[in-house]
Structures are given as structure tokens and as C-alpha cells.
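Notes follow the structure.
We call the chains A, B, C and D, going by the order they appear; numbering starts again at 1 in every chain.
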Amino acid sequence: MDIPDLETAREVLAAQPFSVLLDARLTAFGAGEAVLELDIRDELRQQNGFLHGGVLGYAADNALTFAAGTAAGAKIITSGFTIDYLRPADGRTLRAHARVLRAGRTRVVCRCDLSTLDARGASTLCAVAQGSVTVL
Amino acid sequence: MDIPDLETAREVLAAQPFSVLLDARLTAFGAGEAVLELDIRDELRQQNGFLHGGVLGYAADNALTFAAGTAAGAKIITSGFTIDYLRPADGRTLRAHARVLRAGRTRVVCRCDLSTLDARGASTLCAVAQGSVTVL
Amino acid sequence: MDIPDLETAREVLAAQPFSVLLDARLTAFGAGEAVLELDIRDELRQQNGFLHGGVLGYAADNALTFAAGTAAGAKIITSGFTIDYLRPADGRTLRAHARVLRAGRTRVVCRCDLSTLDARGASTLCAVAQGSVTVL
Amino acid sequence: MDIPDLETAREVLAAQPFSVLLDARLTAFGAGEAVLELDIRDELRQQNGFLHGGVLGYAADNALTFAAGTAAGAKIITSGFTIDYLRPADGRTLRAHARVLRAGRTRVVCRCDLSTLDARGASTLCAVAQGSVTVL
């Protein structure tokens, strides 16, 4: 099994047109953890001006999968995930921080904390997720 | 409680910049059900050419919430959802069909089937979701 | 792959001491579906007199796994599940009806409806679940 | 809102016949956390000799609910939860440790780590859960 490094993982992210559309970036990747961030811009909002839940779901899905990739390599497929929204999300940046809880031979289970950062870098936890990835 | 009709629900969708970015449309809304569709275009894909899981998550989240809105009106907030991916998703159109299972006074629980349609309209189930919405 | 029949599945259930403790029975098993039932007796209740959520969770977990077994045989292990409670559960019998949504080579995804039956056989949906099983 | 103390919480647990049947005990309760434990005895096993997933589901459900009770008091009802199994569970004791992530006015979201302890007290994480509770 070949574990990618941060540069390789960034190339995978850059090869996802949907991640390019959302302008997501990987800021950490390795040792069972991955951090995915994106700027909260207006076209990512819902009707009340908050970040759309679908953006949080995207970030959870992708961060969980990249975290699993730090343990299981690139030949993985996301099985599914659960997300609970905690607060309306707003601010400057969305940060999804995923951690591997258990990397088995055929399945990797991860958790993800989704926080928003304001202009001064203060962080607010706005959603939490748990999901699993199948190793091919 | 004021239950919106399809036209009003479409106005809510049009007021979500993220749904505009994804070019989603409501094709049914009422009687405990909502159908949300979007064209599968290249910028919604992942690195292997399939629809990104985050797009499926968005569609599940939004369809579940609109279905709940047919029972509980507009003053609702999505609590969270679970999605299981069944197959790599590809085709011409993504359709998310959500149904209310139970509309309580404070909480509405829904399921959602996510299918892709090919050029001839043949449907393939590619993900399933379950989620709940809090009535404010 | 060897798919068990109802009698063999009942032997598996009888070999689960926890299912014996709860006095669960399989009333259907085959063609992508399984039905697990148990009598609602006092020692299965919570502090308000309703069926304990843990009993519903048990029934969902086991029914999902048996349903997966109708498609994938006995060499499976439950990955996890999500349950949403819809109503306080009471009555004479708990029935968990699980169906396979997708049986892949390595993973089977199922849904489960949990209903209570009263003395006249009238059914009330009290919880819904979705889960997946890994094929070994 | 009246927050119970450990003694009061233990009385609630003792008033749950299903928790008495499983012989569960609360070993910590307060400040957004609850720990529920039970001895792993033979009648709680499945057909391969491991702890039945339904027992893990019960412990997750109940620990999550008690943790929420430390923040929201006794007038709560469990909405639902997700559990991912990480390893076959065996040992002397099952410990479910739940923590509040966000206590809102109408909804409390928690996570739960489920570990088994062997005869020397060594701990193995065997399942993880995430769930929410509605404040009545």
C-alpha cells in the first residue's frame, strides 16, 4: 500500500472538479488526519445567509475520505457518513478536520469536526460527522 | 403553520446561492414529498469522473429539508442526515426524492432515494439517506 | 456463496445468547428481506413505560444483518447503522422489517422499518434505520 | 431546568427495566459527560462469542441520553444515533463514554466512545457513536 504525501493528496484534490468549483484546499494530510478548508463566499450560502448545509456535507465527506487515505492509500471509496449540524455556520473560513479512529484491512472509520473561523481566526464548532471508507 | 406550494418552494431554492451554483431545480413539492434534480455536468465530478459524493450529500440534505417543509412549513432547520453511497454515480441527471416518514410537532424524519437518470431516462439508485429536521 | 434458508437463519438467531435473552424470533428470511419480532414484555421497557430505545436498536441491527445475509450469506459482519426514533414505542409486539437496497461484492446496504403491533394487530411505525454490512 | 446529580441519574437508570436486565451502571455523570458500564456476560453475546452489536447499540443510546441529561435535565427524548463498529468486542467490561458537543435550546448533540476493558483494565475502542436528543 502506497500512502500519498501532502503534495500528492493536493493533486488528487485538484483533480476533483467539484472541489475546484468550491475552491477547497488541503492544509494538512498525514498520520491519520486531514484538514480541508475553503473560504466562505456568497455563492456557498443558503437563503438565510448562512453557509449551505450541503457545503458542510461536502467538506465532511471529502475530509473523511482524505483522512482515511492517510492510513489506507488512494484505493478507497467512501461508504457513507452522518452529519449533525450544531449551529448556523458563518465566518471567513470553513475548516473540516478529520481523524482516523480505526483503520482495518477493509474499512476505515473516521470522525470529522467542522468549524468556522472568523476574521481574527477564532473558531466555532458548527457540525460534526462520522463516516467510513471501504478499502478496495 | 403555513405550508408553501411548489412555486413558493422554488423561490426558496432560488434564494439559495449554493443551489443556484449547482443549478438545482425542484420538480415536485407537496404531500410529504419533494424531488430535487440537477444536471450532471463536469464541474460536479470527482477525480475518477463520477459525480462527487458532496453533490449527492447536498442533494440529500436539501431534498430532505424540502420534504419536511411540505409537512412543517418554512420555519425549520435541518438537524442532520446519514447517507450511504451504493454505486459510483454517473449519467445525465441526479434526482433526489425525499419522503416524510413522521412529522411530529418538533421534529420531522425523512428518507431520500438518490438516483441517476441516463439519456433515455433509465434510473439507477446510487445513494440512500435518512435525516431529520427541527421545527422552530 | 451459500445463502441460508429460514431454518438455518433461525439456528443462527438461536445461537445468539442476547437474542435468546430478548426472545427474538425470525418470521421471514429470504429474497433480500428479513423480519425479526419480539414480544414487548416489561423487562424491555425504560423508565416511562415505553420500549427502551436499546431494544429498538438491537432489533434494527439484527434485522439489517439478517436481511444482508439473504443476499450475501453468513460470512458478513455488521459495519454500523443509524436509527431515528419516531414515536414512543408500546404495544404487544415489536416487528423489525429490513430490506436490502444494494448488495455489492463487499458491502450490503439495508433499510429497516420498526413497528409495534397492538393486540388487534394494528401496526404503528416507531423507528427507522439504515445500515450496512461488510461481506468478508 | 433542573440538572440531576449522579445519585438521581442512577435512580433513573434503576427505573429502566431493560438497563436492570443488562445490569448497566452509571460510573460518571456530570459536566457534559456520562459513563455507562456493564459486565460482559455470556447472555449478552452473539453466535461467534463476541458481545452482540445490540448491546453496544443499547450502551451508546443510553450513554448519549444521560450525557445530554447533564446539560439539559431530565425532560429529554432521544432522537436517534449512528453507530460504527470498529472491532469484535470482548473482554470483562463494556464502557460507553458520552460527551456533549453542543447543548442547544431544543437539541443536544453528543458523541460516544465504546471500549472494552480486559481483566487488567486495558481498554480497546470497539465502536463509536454520534447522536442527538430533543429537549422537551
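The criterion applied here is as follows: contacts are C-beta pairs under 8 Å (C-beta built on N, C-alpha and C of every residue); 3 or more make two chains touch, one makes a residue touch a chain.
As the structure is a prediction and not an experimental result, all values here were calculated from the model.
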Looking at chain pairs A-D and A-C, which one is connected by more C-beta pairs in contact? A-D
Of all other chains, the one whose Cα centre sits farthest from chain C: A
Chain A to chain B: how many Å between their CA centres? 21
Could you work out how far the Cα centre of chain A sits from that of chain C, in whole Å? 33
Measuring centre to centre with CA averages, how many angstrom lie between chain A and chain D? 28
For chain B, jot down the residues that touch at least 2 other chains. 79-80, 82, 84, 109, 132
Chain C touches which residues of chain D in the complex? 12, 15-22, 42-47, 52-55, 57-62, 65, 77-85, 88, 127
Taking the touch rule as given, give the residues of chain D at its contact with chain B in the complex, in rising order. 79-80, 82, 106-107, 109, 132, 134
Okay, in this complex, where on chain C does chain B touch? 82, 84, 86-87, 101-102, 104, 109, 111, 125, 128-130, 132
